[in-house]
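Chains here go by letter, A, B, C and D, matching the order in which they are written, and residues are numbered from 1 within each.
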């Protein structure tokens, strides 16, 4: 694999950078927050993103998408990360589209894909049950009924669950962990919005005696672990790309501040201790960029080491965004502590993104296991 | 009186005089700040403050003639131990006690001491600090607020920032430039300004944690009596630095403060959220990180104790306040990062019933902790001070 | 406990600092190394140390020592660490004296204590069997014989074992781990010198069908775990004190070099990045000093948290000496890489000391366990 | 010829021409340095070097008229891939190839290129680097060695240090001061000096690892022909900096070098010494540390690949050599620290049969690795360069 963007990917990247800079600067997130917007994102912008084809990047051409792939979607996510844009890109364009494209039956595809591509259907993955990422810890159950399945369980950290029309739920059957497509409006499904520190939303989803038709099964009975792994690896790398964008932006703003802010009669960027810390951060961002691009590419190519690269990318993105946002606030000094300044938004976003789809510790552990130690 | 006798007597007095409610941990919103318009959640707060103030024990080592407790260092240590043993809340807190009072005692005229120290000790006046300015943060001496001596008063104009709780304070101790032609450290004076007059205005600043504990304070054409100058004209920088040492000590000890977290260490949260195996935190990486933090935190607390013990033994203290400020605040940031790491999803909530009150408070406190290494002199400034004054490294 | 040195401890400290500075500068270690000295230390100096009473600090007065305690011995060890002096202080004055004083029978004391106090008997603790510190991993066996015990086993990292006349050996009996006093000259004992990177010595000790009298048992049958723990905690803290001295010396030399060395027309100590790193190291040394003093004091007072403080002190000393020696070499630049300069001796010593009596990871683990998590 | 055809042909040629022994990993003491007095452990080493040199493949992308391979970047990449696939050893190494040759090509006169490049490519002359001086380490431009132009030659006097393997080298490329009155960067020239003459003396320096790979080199009243000046008089600094970029690249890639460790990663040693549980390293803290290192190392290797791929795709390369030098050398130090941590007692042995040859070698290599962040410009200098040239931070 060559670690270099194709012309097409470069075009998507430029387009996405312009899009978010113009239509969804950090000010947009602030407004959603301060107006206590019940959805936490802009449906109008989401339709525009769908019109640009981003919802179809992971949907094959014969199903109505472009099949452009993870490298392309990664460019969009990185651009979104630059302005901390809140949207269902990951929950829907990445996870939902992948789930249907990879495992959906023709009936499922025809039921959901068109409206997902147009931006109408929003999906959410309901797999976590505890405080820490652990897709294998599934207590939710699905038992067979006369005409399908009955689900019970409690899901804790369902990203975009508060606006989703379709949930992808992991539950345990006799055969093992299995995924189901659950329309949010199904009886017995209760969705409670959870507002996070980054002004984005997750939901608590409870399933109480939820009756589903046989056609709600996604993939095979008991095949949920492998399918979830594939979906999650895409989500991890997509999120890592978004986090890379956020780290780059926090860094660029901090370097600019170092040049502008004067103390002791000189720009504070002339102090060597700050210079060295900035240079170290630059290096970390560069190696993170390589890890993210390699993981995106490996997923598109179906490479054998894609899972290890996914953990590598998420582990590096976690550490680098943590560092970039922490250094950003510290180097901005007092002004960085004010709500009025935007650098604090990166700090809040960083810690939520870190624990999403696996902390640094989780991915170090997984990387070691995948490499045989 | 022997120390043993003092201990016995003190214990008995505390038993008799500390109201039961004041022996429970104080939530953050029940701190007693005193002042002209004090707020009380419980009458016991005022009772406790008044009783302690009457003995001068709100500033126990200060001389009796100014209302202080007149205790020796050993006695004050015993008082502290007995208060901790009984779980007594601090009767009164604030910048008057921890920062201004020590420099008043050192640099004030007899009249200034007579006027201000008893007010501080009795909790009658709440002070705030007018040091930083928008253009003068780490470069504190670069301040531009001006005071011009006009006969018996100064005419003051200026713009201060990070004035903690200025919107609740009665008076502000302020650094102002009184000689714009002198070198930057040599034209600064230290003024005491009453805020209850036209021309003084405090505007709260909203922080990333959502709280507003700091203000911008604007001072426009305010007349300040000449006798409110602390120390000599244009010699305020010396006092300013001395006060900063007291501030550093109080911020460096930030991890000590009572509060929910002190009773709920990160390892308990880790067991709760990451699970437990054979009595251990189930996630071994999290467990090692928490132990590494706990070891550093314990070593730091032992260092504070060592410094206190050395002072008590009459050993000359090193110029260590910068080190305490640096290490204590960096540790406090790590502590909240540990709490977040332990809590997982529950550590990054903002609103809603699914998060406990503690969880939501800790998220805000985590954000608040990021200011610790900025306020009162950034970590970078502290490291500069250590390099220069302790290690003697050249400029 | 008050964390302040008594007048007496201060006197010992000053005396020890003078002693090692005058009689055992780093040059002494270099000479021992370059002459391939078979013992690796100076017997003459060791007798002088004994004459100063240091071998008796941990021996009670009624047994001929001074009972001066760990705080006093810690001052001696810290001073020794300043000049990287190699001596049997830890193996003999600390571990051997403690073992006999705490657990020795009257017969054992009368057999060994006098010559230990005079510097004639050198002891060595033979407890490790693998590459990593683990006193609980004992495969060596002791089975009862008609008139005593028969020992078999292999001990890997026996400090000063190559010069010891008396070994303290851990072996497993039916009752559990048990300690034995084994004269080095006993038949079946083979001792092979192992030269370490810090120019000090350990030994590989093999025990093959070693017959011992009943009186060779130290403490109680099966009581070895608790006794070893006590001995090791003393050793950990004593070594931490020595390491603190080494860290202080490496740091002082580095700060001096920062003042002396000029580049770009100015002392390199005027560069802010180096200043900040030096200041951070200063802070780490200060907190390490407190941890070491608290642990020494707790051991003397028999405090309940002495074990936790021992792990705390060793963990901090490990990290701080590692940092001080690494930064020392880096800040000395090229000259620090030469054998001619002494700063490299601190680097070599640091890593050997780190793995002795438990690495940082070992003591973090133990600290957590002792604190209930 | 198409790239596919080139690959096929190259593979066949390597199969036919690379001696079997040269397809095994090279121990450190079997590196081929060439020179006037080469040392061979095996005749295959010379055979392999000569065969590769005859095709110019010891410097594959250099022009054919100077003895180079004349390959495109893509072809050279293919050659590298095929050599790696077959496990071929490097036929020849040294500072002549990696550092001097590129600047000779860029700045040399036609005569200089004709003279020196073929000698380098054929392994006939071994070069060393005369840059640092005892008083000029990080401040390289502060050098004091002098060269005075006297008609058709320079008279050179100076004292160089850290001249790698100077005691084995035939020639030295040297920075000397030719105008002591000019500003420090403007009076420096770049000279090529033959060491086989009286007045040049190299004294090995013993390092903490016990090895002596560096020398002090003394140059006393040595005459150097004027035509051995590379570039213009007093303009040597530009060439010096350019050469440093090539040096940084080669040091930054230090973790790539074949050798025992490449085949024995830290995690294998950790399993061996700390034990294994369910296929995992039994010590969870050690396991996490090793994974953290391995992740950074992999991300760095991917970054080197990305830079190469971008160059090949014709994307403008950033000024990244300082970043590679910094990150690669810091990683290499961490790598050896990991190895020591994994090995425990076996990692800190110095002599004796109880330590394996690998263990003893790694201890020495651990010490050697400490020089990585000093030689070729310290990590601090690299961070200065990144801050200034990449980030544009002010002086």
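Definition applied: contacts are C-beta pairs under 8 Å (C-beta built on N, C-alpha and C of every residue); 3 or more make two chains touch, one makes a residue touch a chain.
The shown structure was predicted, so the numbers you read here are calculated from the model rather than taken from an experiment.
Undergrad: Report which of B-C and B-D is connected by more C-beta pairs in contact.
TA: Most contacts of the two pairs: B-C.
Undergrad: Using only Cα atoms to place each chain's centre, name the chain farthest from subunit C.
TA: A
Undergrad: Could you tell me the distance, in whole angstrom, between the mean C-alpha positions of subunit A and subunit B?
TA: Computed from C-alpha means, the inter-chain centre distance equals 41 Å.
Undergrad: Measuring centre to centre with CA averages, how many angstrom lie between subunit A and subunit C?
TA: Roughly 52 Å, centre to centre.
Undergrad: At what distance in angstrom does the C-alpha mean of subunit D lie from that of subunit B?
TA: Roughly 55 Å separates the two chain centres.
Undergrad: Quick check: what residues of subunit D touch more than one other chain, meaning two or more?
TA: 285, 288, 380, 383
Undergrad: Residues of subunit A touching 2+ other chains?
TA: 271-273, 275-276, 361, 364-365
Undergrad: Which stretch or stretches of subunit A touch subunit D in the complex?
TA: Residue positions touching the partner: 2-4, 255, 258-259, 266-267, 269-270, 272, 275-276, 278-280, 282-283, 286-291, 293-294, 311-312, 315-316, 361, 364-365, 367-369, 371-373.
Undergrad: Inside the complex, what are the residues of subunit A that reach subunit B?
TA: 128, 130-133, 156-157, 192-199, 202, 204, 262-265, 268, 271, 273-274, 326, 329-330, 333-334, 336-340, 344, 347-348, 351-352, 355, 359, 361, 364-365
Undergrad: List the residues on subunit D that touch subunit B in their complex, please.
TA: 284-285, 288
Undergrad: Residues of subunit A touching subunit C in their complex?
TA: Listed in rising order, the residues of subunit A that touch subunit C are 271-273, 275-276.
Undergrad: Per the contact definition, I'd like the list of subunit D residues that touch subunit A in the complex.
TA: The contact residues of subunit D facing subunit A are 267-268, 270-271, 279-281, 287-288, 290-292, 294-296, 298-300, 302-303, 305-306, 309-310, 312-313, 315, 320, 323, 326-327, 380, 382-384, 386-388, 390-395.
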